[in-house]
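The chains carry the letters A, B, C and D, assigned in the order they are written, with residues numbered from 1 in each.
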Amino acid sequence: MMNKKKFIAVIGGSECSLQEAELAEKVGCELARQGAVLVCGGLGGIMAAACKGASSEGGVTIGILPGGNRQAANPYVQIPIVTNLGEARNVVVVKSAEAVIAIGGGYGTLSEIGHALRNGLPVVGLNTWSLSRNDQSDNSIILAQDPAEAVKKAIGSIKNE
Amino acid sequence: MMNKKKFIAVIGGSECSLQEAELAEKVGCELARQGAVLVCGGLGGIMAAACKGASSEGGVTIGILPGGNRQAANPYVQIPIVTNLGEARNVVVVKSAEAVIAIGGGYGTLSEIGHALRNGLPVVGLNTWSLSRNDQSDNSIILAQDPAEAVKKAIGSIKNE
Amino acid sequence: MMNKKKFIAVIGGSECSLQEAELAEKVGCELARQGAVLVCGGLGGIMAAACKGASSEGGVTIGILPGGNRQAANPYVQIPIVTNLGEARNVVVVKSAEAVIAIGGGYGTLSEIGHALRNGLPVVGLNTWSLSRNDQSDNSIILAQDPAEAVKKAIGSIKNE
Amino acid sequence: MMNKKKFIAVIGGSECSLQEAELAEKVGCELARQGAVLVCGGLGGIMAAACKGASSEGGVTIGILPGGNRQAANPYVQIPIVTNLGEARNVVVVKSAEAVIAIGGGYGTLSEIGHALRNGLPVVGLNTWSLSRNDQSDNSIILAQDPAEAVKKAIGSIKNE
């Protein structure tokens, strides 16, 4: 049954560097190889690259869209969820996953990292934000050196319920 | 590609009569046979019966949950979307579909019918609400006599974009 | 303290007839005279007319906007709440009130009536939807003949907690 | 008219240290003295302290609640907005304000900072998160040394439209 599969969110900007897109595509490939379902925000940049990777390996891709039009999904999204909630859809992306992989990213990604950590979800980071408070580092984001390590750590960190 | 498939929402109460559950299960079966993806609110009653039917015919089932816990999905949901938005998830159910089939239903279903008609989505009804305003009937809900007719009318009414 | 005041939602279309606008303005006036706070969707039509009436009598007006821009509020909204949630804001309008007055209205209003009844909130109707299911009338909407009666019934129907 | 007033959000944890509560209360006092309307999440901790301060100086306080019950608002909230949206209400808190003051805070506050910066809103920080990406500091959060400076910088940073 598909709901025994692991659901992993890949978060990152709708615009990104070529290097970040390459990382995202490899993450998507590796998620599919490991049998995980990819959850993302459904648009371009990191999201499209991850969906492209997952699709190329026969994986399932879910795109939780901020707008009201299913046509806005990138072409590698198989399951478009049309929310029309704007950025509030970031919460839905995060809560629909069992672990999160953050790649690069701007302030929208930062908001998703905040929501994920607030919910106790594991967050694995590739070239993403570092956090500190009152001059003390917050080490909640699990660092990964490459896409394979990111996927391995994300799947390995999921709590069984 | 899966995003060329038709996405049809089945809406109805989380509690329902045996007769309504039977209608919902047959609607789910027929949707799967026609290659449509089933979107619903992911809980029990009409939603579970429709998912059961669709699953039994090898169809894909999406459950857009009101709460914050993926475990609340009925056992036939393959793709749980965890919103924690409460009833505001009703809007997401409707907007993620290209047509809606309403079966029986209480006031939550009524709200979904309102959102669907507001968005210009076709709504097919089986034993559901009738609407009138200022003593004039509103005939926007497309009536169906049985599950097969409901599915046929729902798929047939989708506008191609 | 303001939170001992009654919060009443006025729902109705962003476009309406002159006669409906007059009803809404009178409802707004009467709500303010009774010391109630007006909650609405913050846009034009019924919403603007009700806010105009309430403001003219020194009442407080809250507009819960669907878009992302506070400038979209009608000029009589004193407290704009900017949701960018699209129609999902209808749920927030209803849940922020202790009773609802529906005037005229299209399908968006119908969705709000559904959400209100689903939440057990009293709904008073002036020239609005009538509901039936399986040829049986649903009499949950409390009918009123004029604005003063609508306000009286709305305030009188609020359950004390 | 109240909608010419400035709307400023105060964000921070529902649990906080005594020192942080004192900062928040002083921020609330100062906002009210400057004629600004306080927007917050409506619960305890930083939110209650800020509302207490604003109320003590005759200011207006808005609490945008995550749950479905208006009784959950802290006693200093005058305008409770009942969303039942869970954490997605964080977006509504931020978007309903013209500038944000972050005090201390956990991951929920981090998510709000992300949403605010994403929307181009000024964010003033008192003892709150520091951000960096790829070993480069992100200096978007405007630092303040005390409550009066925080309020001055927040009001001063609002763009006139």
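Just so we're on the same page, a residue touches a chain if its C-beta (ideal position, glycine included) is under 8 Å from a C-beta of that chain, and two chains touch if they have at least 3 such contacts.
The structure displayed is predicted, hence computed values, not measured ones.
Contacts with chain C and chain D are shared by A, B.
The most distant chain from chain B, with centres taken as the mean of CA atoms, is D.
Taken over every residue number at the interface, the positions common to chain A and chain D amount to over half, indicating a same-residue contact. Measuring from the averaged C-alpha position of chain A to that of chain C gives a distance of 40 Å. Chain A and chain B have centres, each the mean of its CA atoms, that are 28 Å apart.
Counting partner chains per residue, chain B has residues 68, 84-88, 91-92, 119 touching two or more of them. Judged by the touch criterion defined above, the protein chains are all mutually in contact, each touching every other. Residues of chain B that touch chain C in their complex: 85-88, 90-92, 105-115, 117-119, 127-135, 140.
By the touch rule above, chain D contacts chain C in their complex via residues 1-3, 7, 37, 60, 62, 64, 68, 70-71, 73, 77-85, 88, 91-92, 95-96, 98, 119, 161. Chain D makes touch with chain B in their complex at residues 68, 84-88.
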